[in-house]
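Order of writing sets the labels: A, B, C and D. Residues in every chain begin at 1.
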Amino acid sequence: MHWFSEGREYYARKWFTGMLQAHPGRWRLFDSQIASATLVSSQDVVDRVAVIISSGGSDGPWSPGFVGPDLADAVVVGAPFTAPNAYAIYEVAKALDTGRGVLLLYNNFMGDYLNNDMAEELLRLEGHRAIQIPVHDDMGMARGEARENRGGRSGSALMTRIAAAASYKGLSLDEMATLLKKANSRMATLCVSVNTENNLVTFGRGFSDEPGFETGTMGMREAAEETIKLLTEDLSPKPDEQVLLMVNPLRLAGYDEAYVMGNYLYESLEAKYPILRMNVGAYIHILDGYGFTVTLLCVDEELRPYLEGTINGDGFII
Amino acid sequence: MRFANALALKKAMIDAAEAIIAAEPELTRIDSVIGDGDHGIGMKTGFSVLREQLAATVFPTPYELFHASGLCLVKCMGGSSGVLFGTLFISGLDVIKGKEALNGADIVAFLTKGIQGVKSRGRAKPGDKTMVDALLPAQSAMELALKSTDDIGEILKAAETGALSGVEATKNMVSRLGRSKNFREQVLGWPDPGAISVSILLGGLAKSLSQGL
Amino acid sequence: MHWFSEGREYYARKWFTGMLQAHPGRWRLFDSQIASATLVSSQDVVDRVAVIISSGGSDGPWSPGFVGPDLADAVVVGAPFTAPNAYAIYEVAKALDTGRGVLLLYNNFMGDYLNNDMAEELLRLEGHRAIQIPVHDDMGMARGEARENRGGRSGSALMTRIAAAASYKGLSLDEMATLLKKANSRMATLCVSVNTENNLVTFGRGFSDEPGFETGTMGMREAAEETIKLLTEDLSPKPDEQVLLMVNPLRLAGYDEAYVMGNYLYESLEAKYPILRMNVGAYIHILDGYGFTVTLLCVDEELRPYLEGTINGDGFII
Amino acid sequence: MRFANALALKKAMIDAAEAIIAAEPELTRIDSVIGDGDHGIGMKTGFSVLREQLAATVFPTPYELFHASGLCLVKCMGGSSGVLFGTLFISGLDVIKGKEALNGADIVAFLTKGIQGVKSRGRAKPGDKTMVDALLPAQSAMELALKSTDDIGEILKAAETGALSGVEATKNMVSRLGRSKNFREQVLGWPDPGAISVSILLGGLAKSLSQGL
């Protein structure tokens, strides 16, 4: 839902200008050649891989809130529900590349992929190295197909955090790509949406309202148990892995209910697997209706150092 | 005509851009039913800027013309189709590098490479109900025409006809890529908007390059 | 909207348990004699006034997210949309009072007032000093009546921050009360709700859906200007005051739109008064529908030290 | 009866609690129309716990009985009415301190002080459509009855009658406090649920204390 005074094309620029006014010193606007909005972290990229995220315009905080010190280095956002622009991604990546290369992270949707892919080509033509990581965590999508065909969901919030940690720790672009591909393959998100009038729960509803793959009438506890069952069946956590649990409310569920659901999920998961941490918050507010997206990330020894401690973002702790 | 220089090609691109701009209502209507409704506006925006930019610039060779055209579409269109139409003009650039004017074979080679670029970037397979389903029959038709004529207008006219048969065929396809995937069987009976745009673009080029000598 | 497996009375306890699981070490549950949920900051109250907030159960982050280091010391929350329990407030206040007294801060609604007032009486009977501060910032309510009759709105987020800063700086209970009463009298919040289908904007809609006092069809820019006009007319900022602007989206407006609206508001306010800071975020998610609550706080030399810097809460920066 | 000791008063409180519990559906129905619908459940919860707790405890004097009753309601009811009914029993405690049994005058003094407590805590004025509009006529009726009788049952019966006339009067009032304020003129014709609860409570006490000697 959007309410404008000016055209769609001004939206992201006004959004980012508001962010700068609220948090002076945290970000800066990138001076683009084109009518696209790019926000850059105030923390310079010095001898490390630049992490660039991008998405269509939608609620947030992911993607723009995930730019800043100890988070991603820049974000390109499109008009509402429109893919980010390839040229804008190319421009800012070129400007931030210190020679160590650029990591392009985005949710696996066609428009986002196409634009990042084109940006990568434009960068390559000018001698910059870029690697794309399309986040594909939504287990409700592309059922029965390869994991890589799944769409992206709330997992991009965790992936951004890992990518930033890896960059700040000085990993090379190739090392980062290996690490992030592992995280990508060991992560799944399930959308649990609920009609609260009749307690009808739908598992696996898609980002663009694609129907889910399972429904049932139940309360929160039962839904939490089913969610954990479906996610752990999808991932089969290994003995050397701990599990990170993330709960993201949909639009009509609040801070309170996300934690109540988090409590049920935690107790259900705890009984079966060692929990590394639970993150609860409105990281990506992507879908109308009542419910949650629930993400599991299996974390082994190699991944763990990139998930230590918590980071205070604008509107979330991750 | 048998050779088209940068000036003729620029005029053809401007004429094609005008055809795209004029088709905006139809494209919007169809993308609103089977997609997210933004295809017409995106094309209109991009090709309007392209028209202005081309009109204001002198291009020494076709290479500079198409390089600028491709980048222009990528810069100002956004969405999927900005990249895809940009790719169509950028991927084949190396085959025309250094040429003062293009003959029919050059144009077929240039577009074929562009079509391959769209195919490999978009990963769409034939039958996925995308612009690829217009581009591939256009390519075959051009190649066939080239065997019997060296008139650029006629070759592009064949390409347009091929594209239009592709548009017809997309009516019976179920989308597998992008947003319109969500509508599944409901898209049957409707053509793919990106495919229509391809046919209009090729038709505009053909018409422009059939005129004059 | 709520979806339960168990009774309403378990809600806040499960909510808080989820919070503890997500952020170990940040809070602890207070062991209450009664079936009420009380969350206490992990940062001990040592030789300073204890700040205790309370509210009915609703979305948040205010109130529970506003407890923690550098924020309030404890919170008591009732069942959904039910006032917090007087006995629970009394219990935790008694336990946290170091002899310097207790500040009870809450939004000015009847049930919240009654329970805090009873808690104060129970505390007084046992020799504890407590002062109540009911936040009354909603300029849409009690129009034409005394300021003190207004209901509480998003302003409680700012008041909590000021109260905590004053306590940590060692002010006495009486000094804190004087400071907070000043802030309370120099603050106003206006609800701006919008029907995005026809751009019909309602100014002053109440917390419980009471109708607003002014409507009009307009875009965001015009609505922002009208909002600033109404708020500054209500407060008449003085020459020695800077203005703090806070924007809180209603449920259907996102992180993106709150900043776009923030940008319009900032530009409209900036033209007339010196701005101390803009806070944008979902501090209190109290109302369904699309729109924002916009708060102005006039800050003079005396108040300014208690608003310096920003604090990272769970789900917000303030 | 002319004197009520802790045991008789405890039985009366338990009987009154049962009357409140039985009235839950009616209270819920009315609060659902003009309030937020939780009054019946709140009262039922509080008075159920009260009943159990009183039944399980021995109280040496009326003071301990009413102190425990008031705190119990505050502890387990929540909302506005937990505090208000708690206040009704707590505010008058000092006038009965040390007494083994209460006579009619003690009871009138105790309840009058409690009613003043409710009034000053809740800041409700007569006519605001709250329980105060039942409590004040109950108080006047008790005081009047005390002039002509020393029978506790009869005095409380008078209080109940006064409260009931107050309930009737609330039908013509527009709420000014609390949540039902939102419904404004729509509340006309409906009685205030808190006022009904007051009449049921007083009626329960009266009935219980009219029995026996």
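By definition in this document, a residue touches a chain if its C-beta (ideal position, glycine included) is under 8 Å from a C-beta of that chain, and two chains touch if they have at least 3 such contacts.
Just so you know, these numbers come straight off a predicted model, no measurement behind them.
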| item | value |
| --- | --- |
| Common touching chains of subunit D and subunit C | none |
| Rounded Å distance, subunit A centre to subunit C centre (Cα mean) | 30 |
| Centroid spacing, where centroids are CA-atom means, of subunit B and subunit C in whole angstrom | 57 |
| Whole-Å separation of chain centres (CA-atom averages), subunit A against subunit B | 34 |
| Residues of subunit B touching at least two other chains | none |
| Residues of subunit A touching at least two other chains | none |
| Chain-level touch network, classified as line, ring, star, complete or other | line |
| Contacting chain pairs - touch in the sense defined above | A-B, A-C, C-D |
| Subunit D partner contacts - residues on subunit C that touch it in the complex | 33-36, 78-79, 81-87, 110-111, 114-115, 117-118, 122, 206, 208-210 |
| Residues of subunit A defined as touching subunit C within the complex | 1-6, 11-12, 14-19, 21-23, 57-61, 64-65, 194, 196, 199, 219-222, 251-264, 266, 277-282, 285, 290, 310, 312, 314-317 |
| In the complex with subunit A, residue positions of subunit B that touch it | 36, 38, 71, 74-76, 78-80, 82-84, 86-87, 121-122, 177-179, 182 |
